[in-house]
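The same subunit A turns up in both complexes below, where it pairs with subunit B and then with subunit C.
Entry: the complex of A and B
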């Protein structure tokens, strides 16, 4: 297990390096640079700025500098918000995005497993039909629609009650997080439900469940000890990619609910070709996702003994 | 005469499928005496597994349905009693093992925990007691280094060892009856012999009865006291091993023997598979189900289902040739006493 963990961490570091390089190459092959959006730059000022940010150096040297400062954990200074360190932007806004994302993934995983198991147990009966209809909705409707609808619903509920049950927008308390996280996790929850259902149906008809019945075990024990743990395995494998989808998809939800997350800065930075912010946030996101995927892999190994030993 | 341990009578099982209703078991009677071995033999699809699964409450319903019949363990009805008496019966008084040990154990639970489960559920053992007992049971089924092995998972065991573990699990609550549904079909020949030896030794030690389902007449000869030959959802011949083998009274039994290779050099014969295939169980024939393949088929065989005729002491055959007024007397068939 230790060897496996170390191997995964090593692979993770390679992946992050790859992400950093790819971002660097992509950014420098896009026409224009951060200074081209500056108004009224004389060639002298421009040369000055290029000097200051190192943009006049050969591309390989820029690359070396850039990797070098990453190793020191320094993402540099923003081009467009002159006085802000990229590190500060991440430190301030990332925890918000991460909290929202983790909450959304938790909703998606727990809800998906629960609903998926229910639909399998009530196969082709009413609960199954209803949930599977909602699943199709959840998969096909984009998240900004849910975000808008969710917010509208909140407004109406609050109006109806005459007091604010849950805040409609903003950030700060757990109450602010619930609805945005639910909206953000919705399509993943639908996807996990469908996956869990088919996985569960397969396992219900497996030989070892027949064995469990032949042993005379009560249905509850068969469900928790034999069906759930095995049925959850395919769900765990999609959790890693799901975290990626959710954290990157968070921007729309952050915008609708006026949540001060990192997504907004990231999109702004791309529009303005703010090199340092793009690089910093991309690499940071990448590292975060890689870490999550490794954690999910380790979780998988913990659930499935066959992985643990190899 | 003491009453048998298990008595199954007039068992009927059907399955609803898209193609119609499959009448998989169409009136099966048999009994098993305490401590004895009953072998059920017959071609693939004749309803052997469905018969025993019906007793164990393992028929998926729907699509399955037990339409008639009873199965009594020491006089107590067990059919359809999965929640009342059933829980006590399954896994406690009756243990069961299956054909494919590779897929019959939970891949994410340790072998020891799986063996301990029936003890926790049926016998109220504490977790520690059950775990210790699981190791003893693994020793009983002759798995070396049982304590270490108990902590391992199914993928770390070979097929033969998994079947031993299955046996340990099935006998953990000291059942009076063990049902083994083709326990050696998925294993190679040397392992097969070991598993059969193990089953017989355990039977001697514990005095449990055994229902052994198999295609292999060699296994029957080696293990069984009684034999029931099944064809198209019915038992066509039953009796002691000697009677069924040496005084075979149903053409299907004779056909099965001719199709089986023999290990005995003195009995070498040319293998003759039975021509044709079993009838369609969606609409079984009106008469004898074997009539279409039977070399001795008579007019009445097509028209009326054969009755069960006594051939000897506790030896029965479901065949019109056994009727006292039957015009045919095939030499290869042992006919009932009333013919002499």
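Entry: the complex of A and C
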């Protein structure tokens, strides 16, 4: 187990290095540069700015400096927002995205497991049909439609009640988070429900469930102890990638609900060619995702001993 | 006397036993893998229905623009943000004439302080008001909604600092419909007081004869008289915020969205098949190396890199942004297929029929073409079908956040993005493209499910 963990961590570090390099290469092949805007008015000012951001050095030296500062955990200074550290931007806006993402994953996992188990228990009966119809809807409707509809619904509910039940947009309190998180988690919830259903159906027909029934265990105990626990295993594996899609998928939800998350900053930075912010955010996100996937893998090995043996 | 070990044999013993013909014959006609798959797919009603939807969508994109010949970029300034089925009639009036400020003879007779000075039209709304005691001035507001107690008056149009009666002609961006004009009394400091009067005004659409001729709304030879009703251009699904025909834009958007959604997955699945089968077939260290590289590409944060690549490939003037998006999709999405195909190839290599074929002297190329490719084709086809909704989602997502196709190119995603701004007042601009995205994704997902059940024995879903 320890050897496996160390191997995964080592692989993770190399992956993060690859992400950093890919970002660097991508950013340096962009036509135009961040100084071509109004700030570099004269050649002298331009030279000074290039000096400050290290853009006048040879590309390999820039690369070495870039990797070196990443190792120190320093992502540099923003090009467009004067004297603002990229670290500060991340520190300020990432918690917002992360809170939203964690809440969305929680909704998706809890709802998915619950609905998936329900559909398997009521297979080919009304609850199954209804939930599977909703699942197909959840997979097929783009998140921005859910976001727009969710907002429209909130406006109408608030109008109908005459007071603000839940805020329509913005950020700050738990009330602000509920609907965006639900919208964000919707497609993952649908996916988890589907997975849970098929995994549950497989387990219901397995030998040990028949044994459990034969020795007279009550149905509730079979459900919680044997069926649910074993059926959840495949769900855990998709949670790692799900966190990835949910945190980046948050862009749209952040846009529609006016949430000051990192996604909005990233899009803005790309439009303004803010080199340091783009590179910092991408590498940070990449590192975050790699860490999440490794954690989920290790968690899986801990939950399911069969994986550990291999 | 010795008993013979074998009893005496008679010629009858050597006649063949009765042959049961029925066990040798084929009870059903033999079916190949693909015939069987087609047969299974045809029995799956959901998959078949989605196949028809896909065919319908392709027809909508390819044949639609030939039948509905409306330029998707043409702006109909008379009909902006019109819902489907909105009133298209317009009454012909004389060209605009300046107004003296005196109520005209045609003005409707009304009670109250604030009155109409002339028949209201979408050309101009003319208001007159009487002096109110104690007023130092008046402010006129216009609103699209009724004025309830405590609600806003709407758009302030003009301040008149004169205590006597006055008049005002509103020609500001008038649309056919209902307006609520409010006259609010100002005190001597020019501040609004709580004395006001509101008048509801129905504004009909009018058009001058010159405009009718210019836009070719009626045949050349038709005579027109004042007061005649003409009909503006027909938009079956309404118009967007620039007055462009939604149906025509949906059709040209379908071309863009389906092109990206079908061609990009085809390309990256092809790349994945080549990469994965090469790795799987060669094996050894090169395989390890190639798959490690694929793992790295998988680890890249997908949407962030999609956005980055969109910028890297750059958009020159007049470009639509379709090609950069395709390149970015291909560069980032191939590893999943590569992994899958490699696994398949490794598995098939172990199969007994490959060894048998080798024993019979089959060459490598024969093995690849005759056994490996046909046996992975089913899985690849299923992957491809599931890749289409993914690519359509990605395109819609990127266009929605404004990093996708560049205007004026329409795609379903960019149309949804534009529709979001007017969602509260004109929901049809968001709903139609969203409906098409959902329908396409749904159809390809169900088709993928059906294909998987038909083609892949191992992955057949539990029912």
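Going forward, the second predicted complex is superposed on the first by the 303 of 310 C-alpha atoms of A that agree within 3 Å, B and C clash if a C-alpha of one lies under 4 Å from a C-alpha of the other, contacts with A are read in each partner's own complex, and residues count from 1 in each chain.
Note that a residue touches a chain if its C-beta (ideal position, glycine included) is under 8 Å from a C-beta of that chain, and two chains touch if they have at least 3 such contacts.
Owing to the predicted nature of the structure, the values given are computational and were not obtained by experimental measurement.
J.: On subunit A, do subunit B and subunit C fit together or clash when superposed?
T.: Subunit B and subunit C fit side by side in the superposed model.
J.: Of the two partner chains, subunit B (first) and subunit C (second), which one does A:19 touch, if any: first, second, both, or neither?
T.: In the superposed model, A:19 contacts subunit C only, not subunit B.
J.: Classify the contacts of A:30 with the two partner chains as first (subunit B alone), second (subunit C alone), both, or neither.
T.: Only subunit C; A:30 stays clear of subunit B.
J.: With the two structures laid over each other on chain A, which partner does A:262 touch: subunit B (first), subunit C (second), both, or neither?
T.: Once the two structures are laid over each other on A, A:262 reaches no partner at all.
J.: Considering only touches as defined above, state whether A:152 meets subunit B (first), subunit C (second), both or neither.
T.: A:152 sits against subunit C, while subunit B stays out of touch.
J.: Given the touch rule stated above, what does A:198 touch, subunit B (first), subunit C (second), both, or neither?
T.: second
J.: Using the superposition on chain A described above, determine whether A:278 touches subunit B (first), subunit C (second), both, or neither.
T.: Once the two structures are laid over each other on A, A:278 reaches subunit C alone.
J.: Thinking of the overlay built on chain A, is A:253 touched by subunit B (first), by subunit C (second), by both, or by neither?
T.: In the superposition, A:253 contacts neither subunit B nor subunit C.
J.: Which chain, subunit B or subunit C, ends up touching more residues of subunit A in the combined arrangement?
T.: C
J.: Quick check for you: in the superposed arrangement, does A:141 touch first (subunit B), second (subunit C), both or neither?
T.: second
J.: Measuring by CA atoms in the overlay, how small does the subunit B-subunit C distance get, in Å?
T.: 10
J.: Inside the complex, what are the residues of subunit C that reach subunit A?
T.: That would be residues 295-296, 299-305, 307-312, 314, 389, 393, 396-397, 400-403, 416-417, 420, 423-424, 427, 430, 434, 437-439, 441-442, 445-446, 461-462 of subunit C.
J.: Please give the residue numbers of subunit A that touch subunit B in the complex, ascending.
T.: On the subunit A side, the touching residues are 205-208, 210-218, 221, 225-226, 229-230, 233, 303-306, 309.
J.: Mind listing the subunit A positions that touch subunit C in their complex?
T.: On the subunit A side, the touching residues are 11, 14-15, 18-19, 22-23, 26-27, 29-32, 136-137, 139-145, 148, 151-152, 155, 198, 201-202, 244-245, 248-249, 251-252, 255-256, 266-267, 270, 273, 278, 281-282, 285-286, 289-290, 293.
J.: Going by the contact rule at the top, pick out the subunit B residues touching subunit A in the complex.
T.: Answer in residue numbers: 56-58, 60, 86-92, 95-96, 98, 100, 103-110, 117-118, 121-122, 153, 155-156, 166, 169-170.
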